Structure formats: C-alpha cells, structure tokens
Amino acid sequence: MMQEIPLTHILFVSTALFFIGMYGLFTRRNLITMLMSIELMLNSVNINFVAFNKYLFPDNLEGLFFTLFIITIAAAEAAVAIAIIINLYRSHHSIDVEDATEMKY
Amino acid sequence: MNISSILFYAISALILGAGVLAVTSVKIFRAAIWLLFSLIGIAALYFWMQVEFIAAIQIVVYVGGIVVLIIFSIFLTQNSGKEMNSPTMGKKIFSAMAALFGIAFVGNLIAQYEGFAYPSAKPFDPNVAEIGTQMLSTTSHGFILPFEVVSMLLLAAMVGCIVIAMRPKNDTENISLNNNETK
Amino acid sequence: MMNLTLLILIPLLTAVLILLAKGLQQIRVIGLTGAFAQLGLTGWLLKSFLAERAAGNNATYLFESNQTWFKALNINYHIGIDGIALAMILLTSVIVVAGILVSWSMDKLSKEYFFLLVLLSMGAYGFFISLDLFTLFFFLEVAVIPKFLLIGIWGSGDRTKSAMKLALMLMAGSALVMVGLFGIYYNIQSFDIVQITQQGIPVGVQKFFFPFAFLGFGVFAALFPFHTWVPDGHASAPTAASMFLAGISMKLGGYGCLRIAALMPDAAHTYSWIIILLATIAIIYGAFATMMQTDLKYINAYSSISHCGFVILGIGMMNKTSINGAVIQMVSHGLMTALFFAAIGMIYSRTHTRIVAQLGGLLKAMPFISTVFVIAGLCSLGLPGFSGFVAEMTVFMGSWQNPDGAYRLATVLSGASIVVTAVYILRATGRAIMGPISAEHALLADASWNEKLAAVLLIAGILLIGLAPFLINHLIMPSTDAIMVQMSKVIVAK
Amino acid sequence: MSNYLYILWIPLLPLVTFVLLGLFGRKYLSGIAGLLGTASLFTSTILSFVAAKQYFFEDGKVNGVFQKIVALKYTWLEFSPNLSIDLGIIVDPISVMMLVVVTSVSLMVHVFSLGYMKGEERFATYYAFLSLFTFSMLGLILSSNIFQVYMFWELVGVSSFLLISYYFNKPSAVAASKKAFIVTRFADLGFLIGILILGYYGGSMDIGLLIERFTSSSSTQFISITSASFLGASMLTWGLTLIFVGGAGKSAMFPLHIWLPDAMEGPTPVSALIHAATMVVAGVYLVARMFPVFSMSEAALNIVTYVGAASALFAAIIACTQTDIKRVLAYSTMSQIGYMMFALGISKNGGEGGLGYMASLFHLFTHAFFKSLLFLGAGAVIHMVHSNEMKDMGGLRKLMPVTHIAFLIACLAIAGIPPFAGFFSKEEILTAAFHENKIIYGIALFTAALTSYYMFRLYFNIFWSKETTISHHGEGPWVMKLPLIILAACAVGVGFVPFSQFVTADGKPLVTHIDWVFSIAPVVLSVLAILLAARFYKNENDKSDKVVAGFGGLYTAAYKKFYVDEVYLFITKKIIFPFIGQPIAWADKNMVDGFMQLLATITAKIALLIKGLQSGKVQNYALFFFGGVVALSILFIYIWK
Amino acid sequence: MNYTILLHLRQELMLAALIFLLLFIKLGKERSNESILNFINIGLLVNLGAGFCCHETGELFNGMFNTNTIIVFEKNLLNLAALIISMQSYAWLKNNDNMIEFYLLTFTSLLGMFFMISSGNLLMFYLGLEMSTIPLAAAANFDLTKRKSSEAAMKLILSSAFSSGILLLGISFLYGTTGTLNFSIITAHINGNPLQLFAFILLVTGFAFKISAVPFHLWTADVYEGSPVAVTSFLSVISKAAVLFTLVNILYKVFTPLAHTWYLILVVLAAATILIGNLFALRQDNFKRFLAFSSIAQVGFILIGISSSSQAGTASLIYFVLIYIFSNLAAFGVVSVVSALTGKEKISDFKGFYKTNPMLSWVLTIALFSLAGVPPTAGFFGKLFLMMAGAAKGNYGIIIFAALNMVISFYYYLSVVKAIFMDENPHPIQKIAVPTVSKIAMYLCVIGIIATGLLSMVYDYIHSISFGL
C-alpha cells in the first residue's frame, strides 16, 4: 500500500526536518531549545535509516538497529547536555547561549 | 491518492509543522510541547512504515524520556511562561536561507539519485523477536557488541550527569558558611 | 683511518660534562678542554687527510662512513670529508676555541651559555661532515636554536627582537632548503650526496628546486635581500655568539650553496646571472651600508654582508678559480670577522660603548686590543699578507675569467667595494683606535691572557692563509676539481 | 749566469727587523730598536751595492744587452695553471738601480731618524714600520710577476698609512693617513682591473711573459687583446690605462694627488723616504717596468704624457703659493714626478727614441737624492723651530750651517743648475721633449723656471729673510748631520753617473751627450727665477705681496690648491654619502628590513582581522561548520569532480 | 569458547575491568586519593604492557571489531598517553573529590576510542565516536565551580552533537546508497555519484570536527581553555590521535575508490588548517588556548602526511602522533602543574619562569621546540617525515605553503621561549614543588622527545607495520 509514496518523499520530509532542526540550532538562543533542535536533526536521520532499510535493503535490519542505537545515544547525549546546562545555569544564572561567550578570539 | 498517501502527507505535515513551531515558538514551554508533537508525528511515521518496534521505542524514549527531561530542565532553569530572547532578524534570515539552501541542495541530490526510484521488492518484516535475537547475537548480523558498548556509554553518561548536576558539597558548605557569617 | 663521528661526540661529551659541572671555573675549563681537544683532533684529521692524499687516495671524500639511519626512508648517516669540508672544520674548531676563550668571564647563567656554545659548534661540525642531505639539514637546524637563545638571553640592545628576527629568518631559510631537498629526494629517492652526484638530477627538477635550496642557504649566507638578520643579530649577540654567528653559521650557508650548486649544476648555470646579480648587490650595497654605520658591531655585521657576497659571487661564477676563491673567502672571512668581533667585544667590555664617535685613541690605553682591531681591519680591506687578500683576489681572478660583459661589470663593481671597504675600515679605525683618547678611557686595562690567546690563535690562522695560500689551495683544490667536473659538464654542453 | 739569490736578503732583512721589532719592540728592544733597524738596512744597502756592481759591471750584460734575469720564482698562489701569483726576483737595470736608490735613501733616513725621533714613546714601532715600508718597497721593485707588484704595492700603501698616522693622537695625521690610503686604494682598483685585463688576455701574470707576448704583434694574445675593444678603445689601451691609474695614484698625479700634501703630517724623515724618493716614484717605476707593453699603445702613452705634464705644471704653480715648507716640497715632488711621467710618455721603446725613458729614470735617480736631502733638511729645520710654517722661520743660515749648505745644494740641484745632479737629468728630459713634442717642451721649460722660483722662495724664506728670534740650541746630533752631508755629496755627484750606459728601455747602452747650446735656455730661465726669488724673499719686504695682489684670483686659486680637495670633499661628503650611502643605509633599514617587518606586521594584522571568526558563540561555530560542509560539497561534487 | 576473543579484546577488557574496579572502589569505603591514584597508574602501566604482547590479526563479531599489529600499536600509544596524562594530573586530582569519576569518564572515552579504531562497521564507528566524546564533555565540566569550565563543556557537547548530526546524515546516505554498514562490503559499492560523494563529505566533516580541522575547529580553543588541563590534554592528544588513526583506516581501506577526492579534500583542509591555526596561535596569551591553536596547526601537517596515501603516510602519521604525545603532553604537563599549584595559565605569567623553575622551563622549552620541529628533538623528524610523505604526491605547492607556515609557527613557539628565558618579570611564578609522579612523567616525555627521533628503530618499526592505500 505504501509503495505509492516514493522513498524520495520520505527523504524530503526527513531532510526538511533536519534543516528545520539546524535552523533552530542557529537561531535559538536558549540552550535547551538548541538541544531540542538537535533532537530534531537526529530524528530526521532516524527516519532516513528506517526508510532506507524498509524500502531498499529489507534483507537485514541494519538500518533499524542503527536507529535504535542513535536513539539510545541521543538519550545519553541529551542527559549529559542537560546536566551541563544545569551546571552552566548555576554559574551563569542564565541559559542564554550569548551569555556564555566568555572565551573567544 | 489513497488513504495511506493521505495519511503520509498528514503525518509529514504534522512532523514538519510541529518542528517549525518547535524551533520558532517564543515561549520555551510551548516549544517543548511542539517538539513533543513532532516526535509523536515521527512515531506515527514509523507506524505508517510498519516498524512498530521503533515507533514504540520512539515514544518511550523520546516522548517519555527526553522530552520529559527537557521539560524538567526547563522548570529547573526557566520561568516557563517567559518569552525567550529572540535572535536578531539578520541572523534569522541568514539561518533560514542556509536551511532552505540545505533543503534544496540535499533534496536535489536525493531527487537526482536513481537508486531511490527502485525499491526492493522483498518484504520487510521486523518483528520484535527477530530484533531481540539479533540484538544479542554474536553471529552474522548480531549486535551484541554495540549493545554492550552502548551500555558502557550509558553508564559513563550516568556517572557524568550525576557528578555535574549534583551540587558540589564544598560549594554548598561554603554558601551556608557565608550565610552564617552574614547572620 | 679516522672516525669522523668523534667530531660530533667530543662536543656532545663536552656539553654533557658542562651540564654536570659546578661553578664557572669548572665549566669554562671543561669547555676549553673540549674545544682544545677538538682542535687537536681536527689538526690530526688534517694530518691524516694529507697523508691519505699523499698516499695517492684520490677519492672525492675521505674517511667515509655510511650507516643506515632511517632505513625505510633511505636516510643514512653518511659522513665523509673533502678538502673544503676539512677547511671549514678547521675554521670551526679555531673559532670555537677563540669563542670560549673570550667568554672566559661569562658569569651570567654560565652553564647554559657554554652548553649552547658547544651545542652550536656541534651542529656546525655535523653539518660539515654530512654527506647525506638529510643529516646535513638536521645539523643545519641544530645550529639555529642555540643562536636564538644565546642572543636573546645574553645579548645586548634590543636582544629579543634581534634574536627573534634571526631565528625566524634562518628558519625561513631552512624551510626553503627543506623544500629543495624534498624535491631532490622525490626524484632521486635518496638524500645521499654521492649517489645524487652520480645519478644526476633531471634538468626540470633542478630548475624548479634549485632556487629554493640555494636561496634557503643564501639566507644563512646573508644573501641580499635576505640579509637583514645579520646586522641586528650580530649587534645584539654576546661576543662569542657574534663570533660563532659570523664565523661559523654564515659559513653553513656558503657551504650549503656550494654543495647545492654542485648538485644541480644545470640550474646553477641557468640561474647564475641572478646569483651574480644578488651577490654583486650584496657586495656593493653591504659596503655602502657599512659606511653609514656608527656602531662597531653594525659596521662589522654589514661588512660581513659585503664579504659574504664574495662567497656567493665566487660560486655563481662557476669556475674553478672563483670557487676556490669562495672557499678561501669563507675561511678567511670566518677568521677575520671572528677576530673583529672578539676585538669589538674586548673594547665593549671595557668602555661599555660601541659607538665609534664615543671612542677614540684606544691605541694608547690598550695597544694589544687596538692592534688586533687594526689587523682585523686590514685583513678585511684585503691587505696582502692577510687571508682576505688571497680570498678576494682569487674570487676576482675567477670571476674575471668569465668573458661575458655583464659578468665583467659585476666583477668590476665588486672590486670597487674594496675601496669602500677601505673607507669604512679606516674611518672606524681612525676614529676609535687613533685620535685623542678621552680621560675615562685612558686608564682601561689591555687584554687579559685569555683574550690574547684567542686573538693570537685567530691571527695565526689569518696569517697562515695570507702568507702561505698555497697550503689551503693545496687542500681544497682536488675538491673544487671534483665540483668542477660536475659543473663543466653543463658548461661544455651549453 | 750567476746566482743572484742573495738579493732575496735585501728585502728580507728589513722584514725580519719588522717582525722582531713589531713583536718584541715595545717591551724588550726599545733601546736598540734604532740601531737594529739601521744595522739591518745597512747590510741590505751593502748587498744592493754588491748586486749593482755584479750586475752592471760583471755579468749583467750579454752581447752588449743588459739581460732580464729572474733570480727566483716561487708559485705562491695558483689561480689556474696559467695564472698565478709567483713570488719572484727580477734582476734588470731598473730594478737594480732602484735597489740602490731605495736602500741608500732608506739608510739615510734610518740614520737621520736616530736623532730626529729620539725620545719618542713608540720609537721601536717607528722603526718597525720603517722596516716594513722598506721591505715592501724592495719587494715591489724586485717583483717579477705583475700580481706580485700589486701585492707589494698594497703593502707599501699600508706601511705608508701606518707611518703617516704615526702621531696617531693628532686627528689631522689620522685624517691624512686615511686620505692617502683611500685615494691610492681607489687608484689601485684601476691597477687591479688592469692586471685582470692583461692577465686574462695575456694568459699569464708573469711580467716577462706578458711583455714577450704583447710586444710581438703576431702573437695570439696580442691579436686578441687588440681586437677586443670597449667604448672604442682596445683592451690593451684599457688595461694599460688602468694600470697607469694605479701608478698615478701612488705617484700623486693629477687628479689623484690630493693625498700627498696632507701626507706631510707624518714625521719628516718618513716624508723624505716615502714621499720623495721611493713610494711616490713607484708609479714611474711601474710604467717603466711595463714600458715595452705601453709602447704598443699610442693612446695609453699619450695619457701618460699629458697627465704627467699637467701634473708637473699644476703642482709647480701651487708650490709657488704654499707657506708650509713640507707642502712646498710635496708639490715640488709631484711636479718632478710629472716630469718623469711625461718623459716616459714621449719615449719610444729603445733606440734613439728611447731617450725619454732613460731620462725619466735618470731623473728618478737624481731626484731621489736631492729630494730626500731637501726633506731631511726641512726636517732638521722643523726639528729646530718646531713649526712647518715659513713665517716662523728666517735667518737660520747662521744657526744651522750644515743644513744650510746641504739645502742650498739640493735647491740648486732641483733647479737644474749645472753641475748639480738635477741639471743632467732634467736636461735629458728637455731634450727628449724637444724632439718629440713641442707643447710638452714648453710646459716643461716653464715648469723648470717655476721650480727654481719656488725652491728659492723656500730657501730664502728659511735661511735668509728676517733675522731669527729663536735662541740657539745647536743643529742636532751628528746622526742628523751625517745623512745631510752624504746626500749633499750625492746631489752634487750623481749627475756624473753615465746613466745611459746602464738603464735604457731595451737594455742596450745609449750614447748621450750634453748639448750645451740647448741647455742655455733652461739654465738662464732658472737663474732668472732664482734672482726673482732672491729679490722677493732674501730680505723681509712687501714686494711679493704686491705681485700676489697682481695675480689676484689666480694666486688665491693656487693657494687653495685649485680647489681640487673641495671637489673631492664635495663628491664624497655631498654626493656619495648623502646620495648613495645614506639612501642605502636607509633603504636597508626601511625597505629591505622594512619589507621583512612588513611581512610580520601583515601577518599580525591578518591575525587580528580574523579574530572575529572565533566569536565565542557556539551558534556561529555551527554556522561555520555548515558553511564548511557546503563549501566542500560544492567544491568536490560540482567543481573538482 | 574461543580464547582468541579474550586475546583480541585484551586491551578493551582490561580497560573495562579497570572501569568496574573503579566503580567498586567508589561504592566501597573511602580511601585516600593518593593510593587510588597510584593504583590507577599501575593499572594503566599494566594495560600498556599488556598491549605489547602477542600481536596478531583478527576480527570478531563478524567484522565489527578488527585487530591487527598496527591497531594494537595505535591503542598502545593511546594507553601511553593516558598513563602520562594521569601521572601529570596527579597534583590536580589529588585533591579532587570527583577523582574516580574523572577516571571513569576518561576510561570510558578511551574505551570508545579503542572500539572506534577497531571498528569494522559504521555503527561501531559511530558508537565509538560518541562514546569517546560524551564522557569527555562531562569531564570538561569537572572544574565544577568555574564558569569557563561549564561554558567549555556546553560548547563541546553542543558542537559535537551538531557534528554527529551531520555525520549521521552522511552515514544514513552512505547506508542508503550502499546498502550496508560493513566496511568490507561498502568499498565495492562506492561509485562516486553525487549523493554518495555528499555523504562521504559529511562523514569527512565529522572527522574534521573531531581533529579540529579548519573550518570545523572553532570549538577547540574555547573548550581547551575552559576545561581542566587534564581533560584538555586528553582532548588534544588522545582523542585527536584516535580519530586520526580511524580516519586513516577508513580512508585507506574503505574509501579507496574516492582516493582522488579525499586527497584533494585533505589538501584543502590541511592548507586552511595550518594557516588559520597559525594565525590564531600568534595572538594567544592563555597557554591552553595557545596550545589549542598550535595543535590545530599541527593537525594541518598531519593531514598533509595522510594525503600521501602511502605506507610512509601512515607511518609518518603514527610516528608523529607518538612524538606529539610526548611533546604536547610535556607542555601540558608543565602547564598542568603550574595551573594546579598557582592557578596561572597565561603565557605572560611565564615571563622569567626560568629564574625560578629551571627544570620546568627546560621541559617546556624542549616540548615547544619539538612542537615547532627543531632538531634534535623528535618533532623535527616527525614534521619532516609527514611533509616528505606528502611531497611524494608531487604536490609541492602544499609543501611550500606548509614550509612557509612553519616560520609563523616558529614565531609563536619561540615567543613563549622568549617569555620564559628572556623577558624580565618582577613577579615570576614562584618555585613549584612538582609531585614525583608528575616529574617522572615529564622526564619520560623529555626522554621520549629526544630518543624517538634520534633512534631510528622506532620509525622503522612503525613503517614496517604500516599500510598504504
């Protein structure tokens, strides 16, 4: 049934999502929202993997497993990131990325 | 155009629409909620692709885990109703252009690639049992090694989070001492 | 048979012992002993070299020894000397002894000071005995950094800036050398000078890489316009470092240029007009710039640019006589300029000024030092009886053999520099050594034993070459013949 | 052919003296330095006379021709198989003659200095330098190789430098010595290039070989050097002219003469040695030495002639106006050397036409004695009055009878009054000039008259004029008087030496005779000039001032030495220093070094300029990251596929 | 059960065992930091020693894990570096409450690197990469109360998350166009169509980010500056080295069909990296920041070596990394001690350092000379061999460019030496009592710096086990 939707359409969606996430990363000044943007990017990649696996290489489940591991690592990454953000908030009393630019040049 | 297609486009619209709102909304809590919707949309897409296991994981980990974590941290660090500092207009436009360029660029590459036009005819049947077996298998297409490795990573991440997020003891003592002195 | 590695080991051992020593007295005694041991060794080397030659050993390089170093890259520790290298080694060992003698009372961080001096000399020895371009390059750079520290720590004036300028320019030079050497390596698959000479480098490769290697060494040899490290570097350096710098390390450049020209004769022939042009500019320009200097060290530094121009000129003219002249000029200039710097150092340590106008009549207070100064000056202006005459005349004579009008012009212009040399030497001498003496300088002491010994040693060298040039000619002639075999192939072919 | 190797000892003895006195003089030998120097030179002189006797009277002549004998040849520095500097000893008429002149005059000076320099602090050094000079000069004379000539030429220059600057704490002496050295060095550059030219085309540095090759018009060397030309003149002319430039520098020919008057700052005996008899005639000697080659180039000889004549006249005019007695003598020397030069210039190589050559060297020979006598006499006077200026002198004839007589003899000799030595040699020169070139003859005649005038102006000013105010304290020790007496005897006697029998261009004796009719004109002119000088200067009066006023500008110009010094000063101080030296020094500091600095500055500037890249904002980092991705993608997907 | 598994995995297993031991120690009763530190260092030493026995080629888990002589050697290098860092951080860790956690994190990171180097599959590669980064991001924040530390950690985690997003996109397209994650199969499916090229470029940028190649380097300086010195040295030496090893493995063995493309990419990146690294290093005053930019420039040189795609290229890379470990860690060691005991990290603070601390000054100077590539230090050989390897391609333009840049790099290295030896300072850093362990580590580094270059067998051995394209 889903064959009517070509693979490319799914890929377009994921690509769009990826760059939406990237846009968020570029523009959001709040660290947590930046993190959220990154999650969007990772999710778009997940879609890619699943779609490739399903459409092109159904012989084994490599793409699917990759997705699983990405999700796991994303969780770990998010956890560490949030811990760091919280710590940053303690010292800076702000989680605006523009406030954490002490080191430059 | 059948119902499946319509469903796909609807899901896609949800994912992208919620995604855009998640990265543009001026209130952080709303942004988190939009993110939640977007992630749910992705889960729906997985369902639509008939990879239910991944869809389930998506919901459990992302919706149930990460977004909750994010929301907690928002509560910890932020007045939820407050509007966030917005970036300069120039930056917005530039970033938007960059993103649009990226979409066009990558979309073009995808559209040009012939391989995507000819999907495999073989059936795709990722049942949970199969996934479970492969996950812990050492034979061909077994993922025991990554599984173990990722467990180590999770352990380390946990340790790291604890160390960082826990208020250092010395720090607290110092503060309380200071408080005593001021009294 | 003789193991040339000793030439590196003795300084190394000296350096280690200096690190272990305690107190200025021990350190300097060790340094001097090492330097004298090395001098003795080079003397013995000379003796055995001449004995070998007399016994009919006509190999280009004697005392060769070839050990694999980096096998995978075909880098070998290949050492051996010909007459030219031996002349340079002799020069180095004399200057090292003299340098250590004039630093006798260096009490600021003396351990480090003597250590670096010895390290620098080790680089020079290694450079001169290398027959492998990689080893050569290695030792070339070994000799750079001690200079930086010597000038920067113990120097005077704007020492850090001078040290930095010197180190950077020399490093830039060696970077160029490196590019040139890589070019050779990747077309011959070897760094071995002997092997490369046998195989010959393709002409296209020569033309591309010769400028790099030659200019790179040219920086060391103060080739115009890469000479600007010379004045500041020399002026800021402590006495012994100035002596080493002008007496040894500028010779590294000249020697390198010569080797490069011998390895790539086609390119050298093609570019010889540029080399000669630059050398002539250096000679004239250096001489006129010297004329305007007011500081004794600057005077000698600029005159070094002019004199080293003769080395390059001799190499650029590419005939046997001129190359002979270039080699003799290297030795001669090394001794002479070291002597000059020694004298200036002695004057400076007493009067605390090097400005010519603030000195005067020193001959009265310090006849020995003044005489040394005058002798150095006379040697510099090419007086017969001193080495400078022999060297410069040989270069002129060689250059003149090139019948091309432009080359003739270059020779005449370079010759004109001897007049300018006379002007600046006599101006400095007339002002600083002669004339009335100021009251505060009238009571200063003359040279101490170590200074006298250093000066006598250097003067002996100058006189030996100046009075008996056939000796050094005899030493280097077979080697220049070997170089000419390479070069004449090209010139005949053209 | 007999062995002349002992001649080697003639220069070597002074060298040994120099080394001994130079190394140990100050500390150990200061007491006997003078005696040591004199003794060694005495030996040399004896040897010279022995050599002269042997050469001229025993075995120098073969088949009626004096031979060029190379007594020693040692390859000292080999440039290439053909070209080398050989240290050699050449024995031929001029070298032997010069040996005698140099050793005798030097000996006289050595003896005289024993008295004159007594009590000097650097007495030993003085003798060391004197020995060095004598050595160099003798080496120059004996050179068989043209590069050897150049070497000793330079050594002569430096020893002259050392002697002139003997009073090193006198700034004027230092300046004079510098000037002498630099000017002659400049000329030596010409000499050097001349040598290079001749050596290149001649294929040798050996004087004998060069002469042999360049005098045979069929030799390949001669053809190649004459066929090669530069700026319209053949390389032969160029080479010889440049060699002559070297000679002109040492011999103080116009316009390279400016160092000579200043060089009088040196001790007076030194002037007698260097600036009268020996070094300054080296140029004449050089041209004579290379004369066969010179004779092959008309143009080069013409240059020699006219430069010589111009110098003779020019110097004589200036000499008339100077008030420093040593300067008068210096200009007189210059004038006399001009005589010798043009005599050479108008000569032919051998035969009757070679009279000029013979005359020139004869004049060199006689001049050496009376000019050194004049200088020593002047030295004695200066020793007495402690001044060089004429106005401080006068009436000294009673205080210094020996000096007075000797000086008078010398003046008569230089004025060419028979039977004094100068008469004979000058006569030969005038005869040669008369036959070859009337213009030169005119100049020579006029110069001869001027010579008599200024010499007697000097003589009267010193010994007559006003009465002395100086209290009597003797004429000096016998060591100062003896040389005066000997030299006076020579000034009288050497004119009778049958010079043309010994020294000629081609080695064949030349028969000459004095044409007494011809000599009337010059002698009468000289006598008239002497009388004029006597009228002006014998007693204190203001006649001379009136004449001076009559000459006006010319006098001032001559007094100011025709402003040649000023021209040189202008060229060096106003042109070379500010327009060559300073710009180069400036360019080195600001352009060449500045360029290196600029590279550093630009690098630092760029580094500063791009520091904004590292903005500290993590979003910008991501943007750059993305930019990098895009750039790489476009570059490698579409452009560099 | 086959014991070869244990053998092949011995380095990873030992490290994992150490991690668990530490966990137990943490959970157990309190012990003094010193004793634990000594225990850890001994453990690392044993681990290092274990690496040197029995090398053989093999693969496990169906090619997910490869091992061979050179991989074992590479891991040994990382072990060595870890040991040196651990010894040098003695002063800092001794009084640190979170010492054990620090080791837990760094060891996990090291373990991740091991898996990354050994990876035979994109998934393992990705996991290894993340595993080496995430714990370090946490460790970067270990100066918990310092503002700069948390800023650094934030920048590291966000940047690396972004970079891994890009990397994953690339991997996903690689997967999409080749149908496999397995390196041994991918090669056959590489055909260089635009999408694949794009995917490859994204993959390369992921690497470029980790090794801080320009323009993906911007995080480096800030993170190095803010992190504790131990973490900085870990980042600058170990994680960079590991990624470089992996990069060579992947480029040479997997993406062989694209050799020409990545050659050009590497050259472009190398040129930009050297230049920008140098230009920024010129102006730095913070020592760690300075070393960050200098290490960026060093990476540029390494890229030149890698671009040669020859055996000499690999050999010179590994050789250089070995030297780089010694030299950079010697420099960081001094900075670490000074920073831990005085809190001073500025280059200008080091003025007159020689007067008070001659030993440390010499160590630092020798290290800087080695970094600059001055003989007789090993850095000279390392840099020269890299460029010799690069020159073999015949691309002399980049060699000339690099040679000129070396001059700039001399300037800033010598500036530091100048500050130490030549500049006057009325208040120099006071005399520092260096802990014995750190001292040993420093001497080890200095010996390494001198010996690695002059003793040619080191290079010859590396060359003999290296591989080319």
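In order of appearance the chains are A, B, C, D and E, and numbering begins at 1 in each one.
Just so it is clear, a residue touches a chain if its C-beta (ideal position, glycine included) is under 8 Å from a C-beta of that chain, and two chains touch if they have at least 3 such contacts.
Please read all numbers here as calculations on a predicted model, not as lab measurements.
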Which chains are shared contacts of subunit B and subunit C? D, E
Going by average Cα coordinates, which chain is farthest removed from subunit E? D
Let me spell it out: compute each chain's centre from its C-alpha atoms, then which one is farthest from subunit A's centre? D
With contacts counted as C-beta pairs, which pair of chains has the highest total? A-B
Ranking chains by how close their C-alpha centroid sits to the total C-alpha centroid puts first chain C
CA centroids of subunit A and subunit B: separation to the nearest Å works out as 5
As a quick test, compute the distance in whole Å between the mean CA positions of subunit B and subunit D. 101
Subunit D and subunit E, separation of their C-alpha mean positions in angstrom: 77
Suppose each chain is reduced to the average of its Cα coordinates; what separation in Å results between subunit B and subunit E? 30
Return the residues of subunit B touching two or more other chains; collapse runs of consecutive numbers into ranges. 91, 94-95, 98, 102, 106, 109-110, 115-116, 141, 143, 146, 150, 153, 157, 160-161, 164
Subunit A residues counted as touching two or more neighbouring chains: 11, 18, 21-22, 25-27, 29, 34-35, 56-57, 62, 65, 69, 73, 76-77, 80, 83-85, 87, 90, 97-98, 100-105
Would you give the residues of subunit D that are in contact with at least 2 other chains, written as numbers and ranges? 600, 611, 614, 616, 618-619, 622-623, 626, 633, 637
Could you list each pair of chains that touch, in label order? A-B, A-D, A-E, B-D, B-E, C-D, C-E, D-E
Per the touch rule, the subunit E residues reaching subunit A in their complex are 122-123, 126-127, 130, 134, 137-138, 141, 144-148, 150-155, 157-158, 161-162, 164-165, 168-169, 171-173, 175-176, 179-181, 221-222, 225-226, 283, 289
Subunit E residues touching subunit D in their complex are 154-155, 158-159, 162-163, 166, 194, 197-198, 201-202, 204-205, 208-209, 214-216, 218-219, 221-222, 261, 264-265, 268, 276, 279-280, 282-283, 408, 411
Listed in rising order, subunit A residues that touch subunit E in their complex are 11, 18, 21-22, 25, 31, 34-35, 38, 41-42, 44-45, 48-49, 52, 56-57, 62-63, 65-66, 69-70, 73, 76-77, 80-81, 83-85, 87-88, 90-92, 97, 100-105
Touching residues of subunit D toward subunit C in the complex: what are they? 26, 75-80, 83, 85, 147, 150-152, 154-155, 158, 161, 165, 168-169, 171, 174-175, 177-178, 181-182, 185-186, 189, 192-193, 196, 199-200, 577, 580-582, 584-585, 588, 592-593, 595-596, 600
Can you tell me which positions in subunit B touch subunit A when the two form their complex? 2, 4-5, 8, 12, 15-16, 19-20, 22-24, 28, 31-32, 35, 38-39, 42, 45-46, 48-51, 53-54, 57-58, 61-62, 65-66, 69-70, 73-74, 76-78, 84-87, 91-92, 94-96, 98-100, 102-103, 106-107, 110-111, 115-117, 119-120, 122-126, 130-131, 134-135, 141, 143, 146, 150, 153-154, 157-158, 160-161, 164-165, 167
